[in-house]
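Here it is: the structure, laid out below.
Per-chain numbering from 1; labels A, B, C and D assigned in written order.
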Amino acid sequence: MEVGFLGLGIMGKAMAANLLRHGFRVTVWNRTLSKCDELVAMGAAVGDTPASVVAKCKYTIAMLSDPSAALSVVFDKDGVLEQIGEGKGYVDMSTVDAATSCKISEAVKQKGGAFVEAPVSGSKKPAEDGQLVILAAGDKALYDDMVPAFDVLGKKSFFLGEMGNGAKMKLVVNMIMGSMMNAFSEGLCLADKSGLSPQTLLDVLVLCLVMQHPCCYFLYYQIKQPWLCFDLQDLGAIANPMFKMKGPSMLQGSYNPAFPLKHQQKDMRLALSLGDENAVSMPVAAASNEAFKKARSLGLGDLDFSAVHEVLKGTGGQAKA
Amino acid sequence: MEVGFLGLGIMGKAMAANLLRHGFRVTVWNRTLSKCDELVAMGAAVGDTPASVVAKCKYTIAMLSDPSAALSVVFDKDGVLEQIGEGKGYVDMSTVDAATSCKISEAVKQKGGAFVEAPVSGSKKPAEDGQLVILAAGDKALYDDMVPAFDVLGKKSFFLGEMGNGAKMKLVVNMIMGSMMNAFSEGLCLADKSGLSPQTLLDVLVLCLVMQHPCCYFLYYQIKQPWLCFDLQDLGAIANPMFKMKGPSMLQGSYNPAFPLKHQQKDMRLALSLGDENAVSMPVAAASNEAFKKARSLGLGDLDFSAVHEVLKGTGGQAKA
Amino acid sequence: MEVGFLGLGIMGKAMAANLLRHGFRVTVWNRTLSKCDELVAMGAAVGDTPASVVAKCKYTIAMLSDPSAALSVVFDKDGVLEQIGEGKGYVDMSTVDAATSCKISEAVKQKGGAFVEAPVSGSKKPAEDGQLVILAAGDKALYDDMVPAFDVLGKKSFFLGEMGNGAKMKLVVNMIMGSMMNAFSEGLCLADKSGLSPQTLLDVLVLCLVMQHPCCYFLYYQIKQPWLCFDLQDLGAIANPMFKMKGPSMLQGSYNPAFPLKHQQKDMRLALSLGDENAVSMPVAAASNEAFKKARSLGLGDLDFSAVHEVLKGTGGQAKA
Amino acid sequence: MEVGFLGLGIMGKAMAANLLRHGFRVTVWNRTLSKCDELVAMGAAVGDTPASVVAKCKYTIAMLSDPSAALSVVFDKDGVLEQIGEGKGYVDMSTVDAATSCKISEAVKQKGGAFVEAPVSGSKKPAEDGQLVILAAGDKALYDDMVPAFDVLGKKSFFLGEMGNGAKMKLVVNMIMGSMMNAFSEGLCLADKSGLSPQTLLDVLVLCLVMQHPCCYFLYYQIKQPWLCFDLQDLGAIANPMFKMKGPSMLQGSYNPAFPLKHQQKDMRLALSLGDENAVSMPVAAASNEAFKKARSLGLGDLDFSAVHEVLKGTGGQAKA
């Protein structure tokens, strides 16, 4: 199978290399052409412009750094639009906002081409290992054609239906994450003020997740029933990576921003708006959102979203990044 | 090390057997004496009464079915109190309320004995495998003496300080669990009403938990850094066993009670009371509690606590167990 | 003082008549000219078009039925814009959305004219009695010029600053009203389920408001200290007209729409958005909004906003208008 | 009608005097007997002990300062219990907790006597003017016998049913008041942060309440339709004494304790507990309670309950009494 690939940043290079390793014929393009060398050494062809890549390949994948790059590659001179058309497909795997996706989608479709948005979950390492999670939406036929490529790039791809559903899915997940963070922080505060060690709570919460992997491993590979090894009565039932990774720094009042609080709050707000449109009552998310807003009002917006812990601790925002 | 063991129900028998297998000398007692036979075959001695077990052993462990059994074994004729005293320790591992624990503790201490409450997390299988989590509180010196036994019975034991802290820790954990369940349910509802498949949301949420075990296994055993394999940007960051296990049945509106909703709501109430005593503001737990109360008012109290999903779906309680 | 007056509906006619009675010279216009007759009999002049009224008068007031009428009178042929300019002022007292106000404001200012938005609180009777409350914003100099007219039309006018502040003030008031309605409904439900008569609660809540008027009257007119007569320890401290008027019908489950629930919920949403922009945490409004959303999801959006009571009662929406 | 009256503090003296002025024969008792002089001058008889008052009078009213005084007067030597019995009634109008009321009630009933609890709303001035609001519960026949006295002492008395319902009614009212205070504070904060003057919001909110009294007066006395004068579309619909009286000091950050925040929060907690018992979901009260708890954690518990405004303003508690 032949594909074009536009954008060879950290993610894009890993993904294109992966396709090459799995026998795809890949024609790459990057704004700084020298970045193509490594992939040429692996067997890739090079296109001079996005347009020439699209001219050559039936399917073209893009993995760009931000919305402006995503738009530029499509709409600028020598861009995708000049060659896209009937029988050709364009797949944008960049993480962009819904408006950007829709603008590209409409332009491509007007030219007769097919479009799929397919943002991914996962960073460099999963990209190299082909372990991304792919949230695709748009043209179903094009998605079906791309499955062999998605199978190489990700451990799993989802087709979510119409354009925009990828962004919505991320909002729902982030809303759950934001409420869980608040629940977690409240628990840590309650433990602390009630004379329990929050560090012990942390140990109790995440204990089982670490320890049960070996048996899970066995069950998963030997008898294909990985969940037998979990016991709901077990305190590990709600163990999750976030508690494990964020907990210790929260107890130290340290909030190095992996996901800035102001972005988390924006996603909560958008998720609540989505709920409003559809008349879904979500009181826990609403309460969580107000805590994030309080954190913003205390000047914590640029810290990690776990800094909402400062609101609940009631220290009035003496937090550090 | 020699220990007495009172109560050979499902849990108690597995625990006593575990101690025998690890070289402990164990004197057992059970109300129905025939239940002792299997353990005698493994090398256990038998005591006629709780009092005679305590008379013989420096340390006695109890694992009884409920508060009334726990009280009876201590206070009735031929009970623990008749022989407990200076130099002897009594460890109650039953799951009982705080009042019961305190009553036993005071009586034992008045006789000069030492007392530790040590409720466990985990059911039959973890009991057999010595994989319980033990939440202990009370006399620290006795706890220290018991560590060899706890190491056999559990994968981990925590000493939580003064009497009552075990119960408090369970409340904090259950409070977090209740809020997470609400967050989860709100997310499922939002997905559904917004045109996304809740089943897909479920797949997205739990995907990584299943798949990443193999690599975690490697990392844990080979380089002792199990958490390297998690990627917070990853959608799997909030994956947890509860979402995985409860999600599918919630989507079917089926709520077979593993943990009855009325008990979850009671624990939320008690956790909020604990917060009230200590002036800890917990708005997300409060919102979650109101949802559980609403579920109770709809007659869902005897179903699983995941039945709060019916409140959020707004179906008015057409749920099934 | 001479003013133009555009729009002689129920409100406009009462207001223009009021101005005439107080010695203003008024030139009126209405789409259906016959509606001018009554005012001509009181001494009004008539303009053929909005443009001709503006041409004649330094100040022109409009009181139109909706945004489209407000826009039409300004932008259509023979509209306000054709004659507005340096030295002339236009005051729109219609209740319109912020976008409509801003569009008119910009057009008028571009022509060199001055503009004030001045929506009113109060309906026909207060309009006739000159007892409106006027929430004005925009050009301060024009507002100052209009004070003599506002003094006649209303019992009180407020200048709220820049354009849009009138709409914001209404949002804040409606947000408080929405939360109060929820608090009230929760109280009625709690009384009912706790074995108290909700009717008695109603009596207790509003008792003092009715009964204390006579003494207030005395105090207000005789010694100018109307508030002496209130006693905060008194159960009447929170008495308010809304509880009095809505309570009885809520207890009957009857919700004839004075203010439709969907509009109340929209205002709550907009108020919360305003809070979000300004990082104001408002957990009670957020909880109230979720209750209104729940009501919408039960199909109660077209009933009165007091129908949120059905959500809290948990009857699943068997309400009637 | 003849009544005994125990307790001549500020309230009790005013009430007993009121009864005398309306032709009741009153036998008074007070721990410090000299306090009886003024009433003797008005025609009262004096009893040496509570017991002797009860011996003489068919009905005895008590108005004591606190629960311990209320208990002492009944249970101590020469107390009410020594003479109460078949055919005699005892009415305690003190403000005491439910446990105290119940203890007195049971003791009186065991002796064959009848008991009514009848706490009042209103302080010295309403007591003097016979304008108290009386929340009675207990023995209905005794209540009926007391109506002539209640008619003199209060502008209105309510019979609320079984013992304890008076306390419950107060909880419900205070719960609504607490949520309203939060709604109010959120509105003031939103106005402030959105560029509106909170003082203007205050003016808008309470405007109509002051101004409309004269017309209400007329309507109430002349045509017995006091509510005609309210207009729901009017911004005054939610006007209430609390907003008027508390608003200005809240804007100054001044919280002289009329009703201490810790007591308000306690009442919110008890109201939520009452809701929990009866499975009433009250999300707005729950959110309000968490704000009060936050205020307590900031050390504001001894200030007025309006100090919750400091939590919402986010100043971290630089409040003054």
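Just so we're on the same page, a residue touches a chain if its C-beta (ideal position, glycine included) is under 8 Å from a C-beta of that chain, and two chains touch if they have at least 3 such contacts.
Predicted model, so just to flag it, every value in this text is computed and none were measured.
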Centroid comparison with subunit B (C-alpha atoms), farthest chain: C
Chain pair with more C-beta contacts, A-C versus B-C: A-C
CA centroid of subunit B to CA centroid of subunit D, Å: 46
Where subunit B and subunit C are represented by their mean Cα positions, the distance between them in whole Å: 57
Between subunit B and subunit A, distance of the C-alpha-averaged centres to the nearest whole Å: 35
Distance between the centres, which are taken as Cα means, of subunit C and subunit A, whole angstrom: 46
Subunit B residues counted as touching two or more neighbouring chains: 275, 279-283, 286-287, 290-291, 294, 297, 314
Contacting residues of subunit A [partner subunit D, same complex]: 283, 287, 294, 297-298, 314, 316
Of all residues in subunit D, those that touch subunit C in their complex: 121-123, 125-126, 131, 133, 135, 155-156, 158, 160-162, 165, 168-169, 172-173, 175-177, 179-180, 182-184, 186-187, 189-191, 193-197, 200-201, 203-205, 207-208, 210-211, 213-214, 216-217, 220-221, 226-227, 230-242, 244-245, 258-259, 271, 274-275, 277-288, 290-291, 312, 314
Residue ranges of subunit B in contact with subunit D within the complex: 269, 275-276, 279-283, 286-287, 289-291, 293-294, 296-297
